[in-house]
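Below are two complexes that have chain A in common, paired first with chain B and then with chain C.
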Partner chain A sequence: MIFRKRVELFLRTVIGRAYPRLIGLQRERSWLIFDTLLPLLQMSAFVFVYRAMQAPPEYTGFVVLGGAMTAYWLNVLWSMATQLHWEKENGNLALFIMAPTSRMAILLGMALGGIVATSFRAAAVVLVGIFIFGAHFSAERIPELIGIFLLTLIALYGMGMLFSSLFLLYGREAWHMSLLLQEPIYLLSGFYFPVRSLGYWTAMGASIVPITLGLDAMRQLLFPRMMQQIKFLDVRIELLVLAVLGLVFLFLAQRSLSYMERLACQEGRLTVRGQ
Partner chain B sequence: MATNQRAVENLRSLRMAAWLGWQIESNWTDPFLFAIYSVIKPIAGALILVFMYMVVAKGGLSNPLFPMIFVGNAFYIYVAMVLMGVSFAVVDDRERYGMLKYMYTAPLNIYFYLLGRGGAKTLIATVSVLITLAFGALLFNLPIDIASIDWLLLVTGLVLGLLSLAFLGIFLGGVALITARHGQFTGEAVAGALYMLCGAVFPIDVLPGLLQAISYILPLTYWIETMRRALLGSGSSQILSQLSNLELVGVLGAFSVGVVILSVLFFRWAEHRAKEKGLIDMQTNY
Partner chain C sequence: MSTNLAVSTQNLGRVYRAKKREAGSGKEIVALHGVDLEIHQGELFGLLGPNGAGKTTLIKILTTLLAPTSGEARVAGTDVAKNPWEVRRHINMVSGGESSGYGLLTVEENLWLFSQFYGLDWKTARERIREMLKIVGMEDRAKTKIYHLSTGMRQKMNFARGFITDPEIIFLDEPTLGLDVQTSRVLRDFVKNWVRVRKNKTLLLTTHYMQEADELCDRVAIIDRGKILACDTPSNLKRSLNQSSVFHLKVDSLPQPDSQFQGLKGIQSFAHHQHNGLLELSFIVETENALMPILASIERSKGNLISLEKRQPTLEDVFINLVGRGLSEEP
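This part shows the complex of A and B:
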């Protein structure tokens, strides 16, 4: 196939896989309410915890930002990592494998659709944080903030693409693995408190999850005065590490997908259901 | 059917469902990994609050609010597990295993079956709560003294609280019976709302007026307060402190009975509607 045709097919696949994620928002609007409501409830509880402790008002903003990023992490776990497992259960995976297109394009489409759909939820969380809980953010370094946010998403969804291929071999373990990666990651990545308080080396280890550095960098830009004492790394270093993580995860996802697909074919797991 | 025979059948339904639930919950991996999985999640949940507290308190854990938060959070583990354990059995059996219609044709009591399915998760939750409390007592010096625990209050409160939760699960099971794609989300949403409204991790006194009013009509508000008083000797809320232990248990008992009656009535209605509309063996691919 000539190069132009291959690129065209790749892009069509990306759009084709992203489409159901976006159109799903229209078809099942009640999900939008649930998906927005769930991160909001926990976030609200943590805001009240800080209020009960009479914490400085900036901590409300910490929690709001963490709550917004929770929506992305849940999307990566449940709509990226476990997605190929669901497809297998629904009988679609074999069709994906048979289709004359790139599997990476399918994952990329899933990621892009997921990012757009989740962004509505994250925006709702931030708006509730601002208008109901009165969270204040510094708006002095918006371009850097956008840059860090986008790099965080690239690295995060790259990790999700890697997970989806690793989870390909799982049966019911996929469900439990995703459950296991919720609270422990909320803890280690500092979703609701500055990650530095876990200790330098723990925070360093947790930096393998891109949200750890992304959250710390965004907090430094949004709460500069507060974060001076409790920042983990310099924003420029975090930016650089996030860029590297993004590249590494995308590369590993591509390699891992090919390997896992071959292994699943050999072991006859691609069409096994109810495992 | 004779009462005796019915009781035997109900107990058999409960026992078999509990065993089935245990198998589903635990046989996806080896026992060692399952044990780690069961311990890590609740401890991570507790540590989030510990670190939130330490960040604000600059490392100190001496404020009396800390044990209140820790104990409330530990017992909240039951909420999500029992609630989801009972209600999600409907979604799981109908959508995933395609077995719900067979349950309705089998000689069993569906209430006892659903409660039994929740039983396995209740057992796992009990282990998680004990581990979390032990973890708190050993590492963070929670003032829990075995000798000064009010055991009667603890056991009475625990039984009433679990009864409320299990039947709230039955209520949500009824919702799952007549809805297509929301069975899982309703359970999570209700558990999330209860986390905020029943003051599991903060005194309900800090809630705004309307939310505070809602928290007064939730049995779990009184349950969490009872658990705190039984273990720590005092509760977290200024408002609820006006109630004596006996009054607190009385209110909890009254609300629990209300939840049981309401849930059974609603489930019966939902079950009838599901049968009328042919929803018992519905497959929606979710």
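This part shows the complex of A and C:
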């Protein structure tokens, strides 16, 4: 196949697979309640704790940002990591494998659709945070903020793509794996508190999850004065690590997907449901 | 191998091994054994066999979803194990009972989505979707979300999905499973035309409905327990029984139908199954003289003969003659 055709097929696949996620926003409007009001409850708890401690007002924005980023983490866990397993269960995976297109394009489509759809959810959480709690953010370093945010998402969804193929190996247990990862990462990545307070080496270990460094860096840019004392690493270092993590996760996702496909073909598990 | 072969297999085999932590650890199940098959371009080829015969395993290998454990399979001239990417450009598949798709999307959106994985431009995709929905009688359902569709409707949608990409070779694995008679007939007519009108298109159909294979296929391979037992045109297969007589009997009951007719002279093959509360017996006998001892045996065991029919051999009779049981009986 000539290069131009390959690129065209890749892009069509990305758009095609992203489509159900985008249309879901419009057709399943229950997200407006579940994905904004429920995180709001968790955020509220931390906002009130910080207020009770008479922490600086920036902490409200600090918590709202963490609340918004939970939407991405949940999306990566439940709509990326376990996705190929669900695709197998409803018979789509066999059709993906049989199609003459790139598996990475399918994963990328899932990721892009997830990012766009989740961004609406995250934006709703931020707006609710501003409206109810009066959170405010410094808007001085917007280009850097956007850069960090995008790099965080690339690395995070790269990790989701890697999980997606790895979780295929676990079958139904993938659900438990996601459950196992959900809450501990809220703690380890510092969704609602400065990650540095966990200790340097714990925070360093937790940095394997891109959201850890992404959150810390974004908070440094949004609340520069407050974060002076509680930042984990320098923003430039965090930017570099996020870029490396993004490349590594995407590379590993591609390799593991090929490996899983080969293994599943050998063992005859691509089309066997209920495993 | 000849270049005009759409599909060919040589000594193809597939063995499933139970994993260590599963029951029957280390146990091997031979799903396919030494399968040699040649399907020519432009042919509508049928694979006829009971459930568990190995039909779906063979289709999975040919569609690159499963690796063979021995032998070789080529589709569109390419080895499926060595170069699955090249094979995938030429094929598509529809399985009976398939539940693929996204419930949130409409019928046409689902079809469009899967067409994108084959690189169809949007205009062509839209035209083919419209055309296929008309063929399967779902024009009025184009905007229906698929979680509102019945099983039969969903099956028709998946049938359309397979043809929208206009593949060179299509694999239909029990495509009419669970469909009503009218819809099955429409799909069969479409399939027949698709191969006749579009030259060099090849279709491999697996079925356990012998009438479907008989009506549609240029050639049929009969498969049982992973082995190809016979392969020829339906008429040639049936002709192999021309020297024999085929009798179909219905009785109310018999105490031991399996052993009752053993030892009677002139019986080539025999099969039985329950249907609508009656025991249906199929006999393939060398001469009509063999019928009298059969009727006498039924009378001795106090079975009431409801009907007796002598008929032309069908593919099912060919299967019974080869295997010693009917298509609907468990192996």
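One rule holds for everything that comes next: the second predicted complex is superposed on the first by the 274 of 275 C-alpha atoms of A that agree within 3 Å, B and C clash if a C-alpha of one lies under 4 Å from a C-alpha of the other, contacts with A are read in each partner's own complex, and residues count from 1 in each chain.
Definition applied: a residue touches a chain if its C-beta (ideal position, glycine included) is under 8 Å from a C-beta of that chain, and two chains touch if they have at least 3 such contacts.
A quick note: this is a predicted structure, and the numbers were derived from the prediction, not measured.
Ranking chain B and chain C by residues of chain A touched puts B first. In the superposition on chain A, contact is made by A:268 with chain C only, not with chain B.
Judged by the touch definition given at the top, the superposed model places A:49 against chain B, while chain C stays out of reach.
When both complexes are overlaid on chain A, the residue A:192 reaches chain B alone and has no touch with chain C. Touch criterion met: A:90 reaches chain B and chain C at once. In the superposition on chain A, A:173 makes contact with chain B only, while chain C stays out of contact range.
When the two structures are aligned on the shared chain, A:101 is found in touch with chain C, with no touch to chain B. Legend: residue contacts after superposition of the two complexes on their common chain; A:158 is shown touching neither chain B nor chain C. By the touch criterion defined above, A:24 reaches chain C but does not reach chain B.
Contacts of A:15 after superposition on the shared chain: chain C is touched, whereas chain B is not.
On chain A, the patch touched by chain B and the patch touched by chain C overlap at residues 28, 90.
Per the touch definition, chain A reaches chain B in the complex via residues 28, 30-31, 34, 37-38, 41-42, 44-46, 48-55, 59, 90, 171-173, 175-176, 179-180, 182-184, 186-187, 190-194, 197-198, 230, 274.
Only residues 14, 16, 19, 60, 63-67, 85, 88-89, 91-93, 95, 98-102, 104-105, 109, 112-120, 145, 161 of chain C touch chain A when the two sit together in their complex. By the touch rule above, chain A contacts chain C in their complex via residues 1, 5, 8-9, 12-13, 15-17, 19-20, 23-24, 27-28, 90-92, 94-101, 106, 265-268, 270-271. If you check the complex, the residues on chain B that touch chain A are 28-29, 37, 40-42, 44-45, 47-49, 51-57, 63, 65, 69, 96-97, 181-182, 185, 188-189, 192-193, 195-196, 200-203, 206-207, 285.
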